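Accompanying notes for the structure given below.
Labels for the chains are A, B, C and D, by order of writing; each one numbers its residues from 1.
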Amino acid sequence: MFFQQLINGIVLGSTYALIALGYTMVYGIVELINFAHGEIYMCGAFVGMYLVTVFKVPFVLAFLVAMIMAGLLGVTVEFIAYRPLRRSSRLAALISAIGASIFLQNLALLVMGPRPYSFPSPFTPKVYKTSLVIISKVELIILAVSFLLMLGLTFLIQKTKIGKAMRATAQDKDAASLMGININRVITTTFAVGSALGAAAGVMVGIYFRSVAPMMGLMPGLKGFVAAVLGGIGSIPGAMLGGLLLGVAEVMGAAYISSQYRDAVAFTILIVVLFFKPAGLIGRFLQEKV
Amino acid sequence: MLQERVNNGYILDAVQLTRSFGGLKAVDRVDFFIRDKEIAGLIGPNGAGKTTLFNLFTGHYQPTEGDIYLHNEKIGGLKPHQITAKGIARTFQNIRLFGGMSVLDNVLIGGHSRTSTGLLGAIFQNSKDRKEEKEARENALFLLSFVGLETKKDELSRNLAYGEQRRLEIARALAADPKLLLLDEPAAGMNPQETNNLMQLISRIRDKMEKTILLIEHDMRVVMGISERIAVLNYGKKIAEGSPQEIQRNETVIEAYLGVSA
Amino acid sequence: MFSAYYLQIMILVGINIIMATSLNLITGFTGQLSIGHAAFMSLGAYAAALATLKLGLPFFASLLFGALLAAVFGVLIGIPTLKLKGDYLAIATLGFGEIVRIVFLNLKITGGAVGLRGIPKSTTLLWVIIAAILTIFILNRILRSRVGRALIAIREDETAAESMGINTTYFKILAFGVGAFFAGLGGGLFSHYFQYIHPGSFGFLRSIEHLCMVVLGGMGSMWGSIIGAAALTAIPEFLRASADYRQLFYGAILVLMMRIRPEGIIGERRSRRKPPQSKDKKLGKINIFKVIGR
Amino acid sequence: MTRKNVFWATLLIFCMVLVLATGCGQPANAPEGEGEGEGPSAGAEVVKVGMVGPLTGGAATYGTSVRNGVQIAIDEANENEDIPGVVLELNAEDTEGDWSKAANAFSKLIEQNKVNVIIGGVLSSETEAGGPIAMGGQIPAISPSSTATGLTLGNPYLFRNCLSDEVQASQLAEYAVTELGFEKFAILYTNNDYGVALKNAFEETAKELAEVVAVEAFMDNDENFKPQLTSIQTKGPEAIFIAGYYTEAAKIAQQALEQDLEVQFLGADGFYSPVLMEIGGEAVEGAIFTAGFHSGDESAVVQNFVNKYRELFNEEPDMFAAQAYDAARIVIAAMKSKGTSAEQIREGLAETKDFPGITGNTSIDEEGDTLKDVLILKVEEGIFNRIR
C-alpha cells in the first residue's frame, strides 16, 4: 500500500508542481502573489474541454490552444490588474489580484453555469498493474507531460535569450533595465509562460478527474501557492520539489494519519518546514546587509 | 552568565575577534580597544571588514571566535537590543531611519531602551508612565535641538534632506544614552560645508555629552581631523593602530591603500 | 428605529471594525503579513460560545475568555514569526488558519461539521459599539505609546529597530497576541449574535476579506481600517441589488479601487523605491591620497 | 496620473450605476406591467417568496438548482392562477455558501424585500443561521435540502422538505444487507453535516447487521480520492457507501475503477443528478442509492416538472431542484388553504399532510420535519431506474 500511496502522492504532487511553477515564476520576477492563477488554471481547463467536446479538436491541439489562450489571459490580467500597481505597495497588488480572481471565477460561473462539465478522457482507459502498484495510463501521461513541461521550462530559462533576461530581471530589475532588457516584455513573457503552465495543469487535472467547473481553481490554486512557498518561492526547482512534497504529504496524511485531518497534516508539515527552513526548501535566505 | 574581567580601563575591548562567512574571514583575529571618552577612528579600504567589526560590536553578527567586553562585561553573543541596552548605540552606513515616522518619533524610539512602559502601561497610562513619556519627549526635543533639527520635529523623516537624515540618525542613537557611540561613515555623501558641521557635532557630542565615539570614515579629513586614535583594517586584519600622525606615516597603511606591493 | 436588517449590518460593521483594526495592528502597523486572522476570530467565537454553553459563564466573561484564548494562540503563532518574513509568514499564518478550521470541523465539543447551535443571542448593537470603541481606544493608546512606536519601528526597519534596543521578537509576538485578543473578542460577539457557528465561515477567504479591509482602508491607518471594514461589509450587501452579477462587480471593484488608490482610502502614498543610498564611496578613496600625500 | 485616476474613478462610478440599473431590472420573474392592468395579474396582490442559497462559490450548483426548482413552481402558480388575486414573485439571495452571509440574506429578504415566506437555506449551516432570524421576523422558512439532525426543533417558523439522513441511510444499509447480501462495507463520507449524518446512521445500522471495515473522510469540492480508496482497497470491502454529493461520488467511482477496485457503490439522495452519469460514465453503472425523487416516474406531475426544467434550463433536474420544487409547491398549497400572510403560510405549512409531491407523499410533523417515502434507485445503462 505504501508504494501505491507514494505513486498517488507523486501524481497529485506533479499537478501541484505545475501550478506552483506559475506562481513562482511570477513571484520571482515581480514579487507578486498572483492570486488569479487558480482561475487561469480553471479557464485553461474550460478551453481544453470546450475544444475537445464541442469542436471535436484533437486532444493535443486542444491542449496547446488551451495553453496559448491561458497565456493570453494571464497577460491580460497582468496588464489590467497588476501593471498599474507595479510601483505601489505589494499588498495593493495582492488585493488587486484577489479582485481579479473573484472576477474571473464569477465570470466563469455566469457564462458556464455552476454545474460541473464532464471532460471525457481522450485516452482509452487502461490500467497497468505490477505487484506493488497499479497505475493508470492517464496518470502516466500526467507524469510524462509534467516532466516534459518542467524540462522545457528549465531549458527556456537556462538556455534562451528571454530566459536569461528573465533571470537578470529576477536578480535586479533596475540593473536589467539599464542593460537594455525590456522589462515589460520580460514580465509579459513570464505571465504568459506561467499561465500556460497553469492551463496545462488545468487540462490534465480535467481529464484526470473527468470534470471541469468554475470553482475548480480555488483549492488547487491555494495548494499550488503553498507548494511554491514550501519549495522556496521564486525558485523553479523549489516549486517542483514543493509540489511533489505537498502532494505526497497530503496523500500520506490521509492514508496513515487521518483523512479527516488531511489538509491539517499538510499544513503542519508546511509550518514545520518553514520553521527549520524559513525560506522554503530551496529558497535562499538572504541575510540582510546591515 | 556574564563573565567579569579584570578592569583595564577600556570601555570596549575586543580580544582575538574573528568572524567568518563560509571560508572568508571578514574579521580575522582582531584585538581592539577603545578608551573611555575618546574619539577613535576605524579606517581601511573597501571590504576590509570595518562594518563587519561594527556589526560584531552591536550584536548583528555573532563572533566566530574571540570575545568582546563592554566595561569588562562580556557582550559577545548578546542580541543587538540587549547590547543597546548595555550602552552601545550606532548609526548606519546607508541611513536606516524609520522613514514613515516623524522626526520626533525616530528620536523617541532611540530612547526605547531607556524607558520601560509596557503593554499595560500603554493602555492604562498611570502617572509614572505619563511622566516617563513626558521626560522622553523633553529629552528627544533637547537632542533634536542639539543636532539642529528642532524645527523639523513633525516632518516625516524620509522627507528630510540627506545631511539632515545623517544628523537625525545621530540624535536617534544619542537618545539611547549610550556609553559608546558607533558612527558608520557619518560624512558619506556630504558636501564640505556639511562635513565641517558634522565634525563640530561629533566633537560636541564627546565634549558636552561625554560620550565615547568610534567612527568608520572614508573621508580622511574627518578621520584625521577629529580622531585621537585610529585603527586600520585590511583584509579583515588590523594592520596598524595609533595616532593620526602615526597612521599617516605608516608604510603598511599606505601600501594597503595604494595597493603597491613592497 | 432601524430595520433588523440594517441593525444586523451595523453589528457586522462593528465586528468587522474590531477585526480590521486588530489585523491592522499586526499587518499595518507592525508589518507582519497575516492571512490567518479568521482563525483567531473562530477561536474566540468557539471559546466564548462554549464558555456560555458548557461553563455557564455570563456574556461578558465568555467574551473575555474567548479573547484571552485567542490571545494565547496569537502568541503561539507569533513564535514562528521569530524567523519568518513577508510571504513566508503569510503562508504560515494561512496554514495555521486552515489547521484551526479543520480541527474545529472534526472536534466533538464544537459540534464538528454540524456546527454549534443554541448559543444565546446576547450581542446587541450597544455591546458591539462599546467593544469597537474600546478596541479602537486601546489600540490607539498602544500605538501612541512606547510600545506602539516600537511596533511601527519594526515595520519600518527591523534591523534598525533592533539596534535601537527594541526586542523585535517580543514585540512581534506582542502584536500577534494583542491582535488575536481583539479578533477573539470580535469572534465572541459574532457567535453570540448569530446564535450558531460553523467552521465554514472562518476559512481563508474570511481572512482575506479582513486583509482587504485593512489594505483598502489604508495600511497603518486606524481610520482607514474603520472605513475599510464599513465599506467591505456594506458593499456586498449593497451589491445584492445586482443579483447574479454581484460577485463579479465585487471583484471588479476591488481591482478598480486599488488602481485608483493603491495606498488605500486613507493612507500615504509610498512607493516601492529603495531608501536613499549613500553616494559612491570611491570619492572617499580618492580623498585618502590627498590626506596621506600631504 | 491624476487624469488616469479620474478615468478609473469614472469607470468605478459607472459600474456602481450599472449595479443599480441591473438591480432595478432584477425581479426577473416579476409580472410585467405590474399594477397597470395588463394580463391576468391586473390589480393582483404581489406576494413575495424569498429564496436563500449558495448561488456563487463552491456550492453554487446546489443553490442554483434550488432556485430553478422554486422558479418553476412559482411560474406555474402564476400561470394557473392557483391563488386567486395573488401574483407570486421570487426574490433570490446569494449566500456564497457562507452561513453568516446566509443570515444577512434572510434578514434582507424579511426586512427589505418584505417576503412572506422563505425557501431556504440550502446548506444546513445556512438554515441553522437563518432559522433564528426567520423566527425573529416571524416569517416561515422551509428548507428544501438541509438535513442536519434536529434542525427544526424548537423553531415553529422553520420547516423542511427533504429526506431524513438517518432514515435513508439506515434503510439503505438494511436493504444492502438483507436484499443484496453484502457483508463487508466501507464508508467514504464528505466531512460536512450531510455526510457526517449519513455516515453515522449507515455505520450504526450496518454494524448491527454486518461489518464496516473502513471509514474515510473527504472534503467538499475534493477531486482526488486515491489515498482514501487505496486505504479502503486493502480492507477488501464488498460495497462502499459514499455519503456525499454527485460530483464527488462520480469522481470516486471513476478513480476506484482506475484503481481496479471493483465494488458496489451505495449512496443517498445526494447522488441524484445527471451529472453523476455525465462524469462517472461507466464507473457509476450499477450504483444503488436512496432518493425521494425519480424522473422516470410516469406520473403527470413528475413528467411536467422534468419537461419544464429541461425546457427552461436546458438540463436535467437534480435532487435539489425536485425538492425545491416540492417545497415551493407545499408553500403554495399552504397559501391556497390558509391565506398568503406569513402567519397563515406558517399554519398551512405546519398542517401539511400527505402532500402529493414529485418527491413522494409528504407530511410535516409537529417539529417541522418531513415524513416521506424513500425510494431506492439504481443506475442502469446511464439512467436511474427504481428498484424499490
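Points to keep in mind about this one:
The criterion applied here is as follows: a residue touches a chain if its C-beta (ideal position, glycine included) is under 8 Å from a C-beta of that chain, and two chains touch if they have at least 3 such contacts.
Please read all numbers here as calculations on a predicted model, not as lab measurements.
Touching chain A and chain B at once are the following chains: C. Comparing the CA-atom centres of all chains against that of chain D, the greatest distance is found for B.
Located most centrally within the structure is C, per distance between chain CA means and the overall CA mean. Chain geometry summary: the mean Cα position of chain A and that of chain D are 34 Å apart. Look at where the CA atoms of chain B average out and do the same for chain C: the two points lie 37 Å apart. For the pair chain B and chain D, the distance between C-alpha centroids works out to 71 Å. Touching of two or more other chains is recorded for residues 105-106, 159, 244-245, 247, 252-253, 256, 259, 270 of chain C. Residues of chain A found to touch two or more other chains are 84, 106, 109, 260, 263, 290.
For chain D, residues that reach two or more other chains under the stated contact definition are 55-56, 191.
Per the touch definition, chain D reaches chain A in the complex via residues 4, 55-58, 60-61, 63-64, 191, 216-219, 221-224, 226-228, 230-231, 234, 247, 250-251, 254-255, 257-260, 275, 278-281, 315. Residues of chain D that touch chain C in their complex: 5, 8-9, 11-12, 15, 18-20, 22-24, 26, 28, 55-56, 92-94, 96-101, 103-105, 107-108, 110-112, 124-125, 128-129, 131-133, 136-137, 148-149, 191-193, 195-197. Those residues of chain C that touch chain B in the shared complex are 138, 141-142, 145-150, 152-153, 155-157, 159-168, 174, 178, 220, 268, 270, 275-279, 281, 283-285, 287-292, 294. Considering their complex, residues 1, 4-5, 8-9, 11-12, 84, 106, 109, 113-118, 120, 125, 127, 129, 134, 136, 138-139, 205, 209-211, 213-216, 218-219, 250-252, 254-255, 258-260, 262-263 of chain A touch chain D.
By the touch rule above, chain B contacts chain C in their complex via residues 43, 45-46, 58, 60, 79-82, 84-85, 89-90, 92-101, 105, 108-110, 112-113, 115, 117-119, 121-123, 125, 129, 132-133, 136, 158, 162, 165, 172, 176, 185, 188-189, 217-221, 224, 248, 253-254, 257-258.
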